[in-house]
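The following pair of complexes shares a single chain, chain A, combined with chain B in the former and chain C in the latter.
Right, the complex of A and B next:
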């Protein structure tokens, strides 16, 4: 029996949106922490650390997120570990975001001129003090716009979590569509909700970018 | 004993030999000008003195401590020897005051008040006490360079190395920086200056050293060495600079 596309259906979509937001936050915070580690491994003067971090980044940037989700969700099952979609999605999105955030931040740290490292070293600052007082503050300023930009990528990519049965906005859209069979209406609504989440961030990212070219 | 003593220092970058047996001493309170063609290793020598680069063989002592010993404490060394670069290298995200107080507070663990008092003192010495709240990009090149000098002074090092600190400046701005240097000279700081300003070297330095072929080729009192050079290499160099 076909249902009509009513306000209730819209509420159902909005309710699912909170899981999209939850996954995004997990991916951003978890990925941020792991990404910080990746960035540090890449900038310290240690070959094995750099090599390990580079391999990690290649692995997660060089394979589709979809495949990563399948491998973790079904792959773990093959080894006798039954993971819930929640766990699989959290782990995969964290590791995947980490690869990108780590690379973005590495680029920002390395964009700080070598002269800044030298001037601070020449004043007797330790490596940790150089990072804390001289490098991080400058790198963070240039990192802000691309980081906010990547947050938008995370939001849009959470829709892939639906493939392993995780119910978020995109999956909720499929469910509503099979009940109402109003694909155009349903998916337009879904797209508008994504847009409402992403647009403010895109605008913010652009504003930060503009600010960067101004003064302090 | 000399404050800085360099003994037969060798250094190459890959296959390019840069320092090929440099020996040089700088006494306490002495002002030494280093001259030489581009690529003769002047900057490299200064960078080796405060541990930004490592020599391959030879020895460098600063204040009685062997700089190139295994496990030498470069951070302790850098408290004794400051360096000012051609491109100033101020921290753009920090105010003039914080540029100056950063190292005293985090390296020497002074309180912010003590460090602030030092900042006003060193800024007065370079004639910029009214710029304490400014940011580097609000200052002219000459002013930025004077803040960089003040930042180095604030650590009260035993010696300061200056690497062509007027070369990046417009001609009309070099005067103010040279006057600041002359004032420091009068106050008795130990200074090693790499410079192309032959006139300045002649008037301010106690000794001039001409670097050539990775060595301290010719040295002596500037009024003698720069006026009546003994080697034809230095004669040629002076002729090319005065052109």
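Right, the complex of A and C next:
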């Protein structure tokens, strides 16, 4: 007996959307923290640190997120950890986001001219003060638009968490589809919900970028 | 209990994975070519087309860029038969990947076309070049040359994203991995090998794209 695709089914999809948002937030916060570390390792004057960070970025940007999810999900099981999809998804999305955010932020920090470091040193600012008032203050402004843009990438890629059985919006779409068998309608609704989440952020990122270029 | 890795059992069936990798190369290369054609057409419409066409292209780009690829291929493969268009998994995969790449590359190509100064086009026309010659030598080739690095990264992203078409059971590397897993249950071994294979593929693609750049954009 097939179910009809009614408002209840839409509500079910909207309910699952909160898990999409939850994973996105975990990935963004966790990835931001680890990404900060990657960025620091890449800009400090230390060859092994730079190489380590470069290898990390290459590993996570050069393999499909799908493969990362499977390796961590099955790998954690082998080493005797409780394999809840929640943990696997949080770990993978954190590590994956970190590789991209680290790279984005490195670009922003390196976009600050060397002379700014020298000038602030000449003014007698301590290293911490240089970072806080001169480098980070300027880099953060440049970093904002691409960071918001990457948030959109995170939201879209959380749909892949569905493959290891994590129930979020895309997985909920599959569930509703197998109950109603209206794939076109169901997946278009799912796409519309993703669009409603992503488009405002895309527009915001574009506006921030426009502002940045307008200011110069 | 310590788990004993059984990589040798996977390597015994390595030909299955190699075959999958070759399919991934073919699928990605075809999607790159088709996606680039879509992108060039859309970028031209965006810079110089009639308003309704421009709005349509804008809608296409925004919809694709703001929805997950997984959902896009679900719509193409599971949804379109509802509307009477039945595609095989590999057709749906190629179409889905091309449409997806087309949207991302449209913005990239458009930036390239807009970087060509108006005066260059006028100079081309006044040198007596035909419309087609102006388009080819003055607009599109220099534009592609300017945006080639960004385009190459987008191509690599596409190659990695092609793993997602395994979810509609289109045949490529990730699908081969899933097949092997169903036979051997050595999931960790298989997926870690496959991850390394993708890493090698992305490095190889980067190298190949560099060679293409050297071959196509030789002239200064």
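Here is the rule we go by: the second predicted complex is superposed on the first by the 215 of 216 C-alpha atoms of A that agree within 3 Å, B and C clash if a C-alpha of one lies under 4 Å from a C-alpha of the other, contacts with A are read in each partner's own complex, and residues count from 1 in each chain.
Rule of thumb we're sticking to: a residue touches a chain if its C-beta (ideal position, glycine included) is under 8 Å from a C-beta of that chain, and two chains touch if they have at least 3 such contacts.
Just so we're clear, the structure is a prediction, and the values are computed from it rather than from any experiment.
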Which partner does A:78 reach: the first (chain B), the second (chain C), both, or neither?
second
With the two structures laid over each other on chain A, which partner does A:62 touch: chain B (first), chain C (second), both, or neither?
second
Quick check on the superposed pair: does A:162 touch chain B, chain C, both, or neither? Answer first, second, both or neither.
second
As a test of reading the superposition: which chain, chain B or chain C, is in touch with more residues of chain A?
C
Touched partner set for A:119, first chain B, second chain C, both or neither
first
With both complexes superposed on chain A, which partner does A:127 reach: first (chain B), second (chain C), both or neither?
neither
If you stack the two complexes on chain A, which partner ends up touching A:184: first (chain B), second (chain C), both, or neither?
second
Going by the contact rule set out at the top, does A:51 touch chain B (first), chain C (second), both, or neither?
neither
Go through chain A and flag every residue that touches chain B in one model and chain C in the other.
none
Can you list the chain A residues touching chain C in their complex?
58-59, 62-68, 70-71, 74-75, 77-80, 152, 156-160, 162-163, 170, 173-174, 177, 182-185, 187-188, 190-191, 194-195, 198-199, 202
Show me the residue ranges of chain C that touch chain A in the complex, using the header's touch definition.
1, 3, 62-63, 65-72, 74-75, 78-83, 156, 160-161, 163-164, 166-167, 174, 187-188, 191-192, 194-196, 198-199, 202-203
Per the contact definition, I'd like the list of chain B residues that touch chain A in the complex.
50, 52, 75-76, 78-79, 82-83, 85, 87, 89-93, 102-103, 106-107, 135, 137, 151-152, 155
Which residues of chain A touch chain B in their complex?
115-116, 118-126, 129, 133-134, 137-138, 141, 215-216
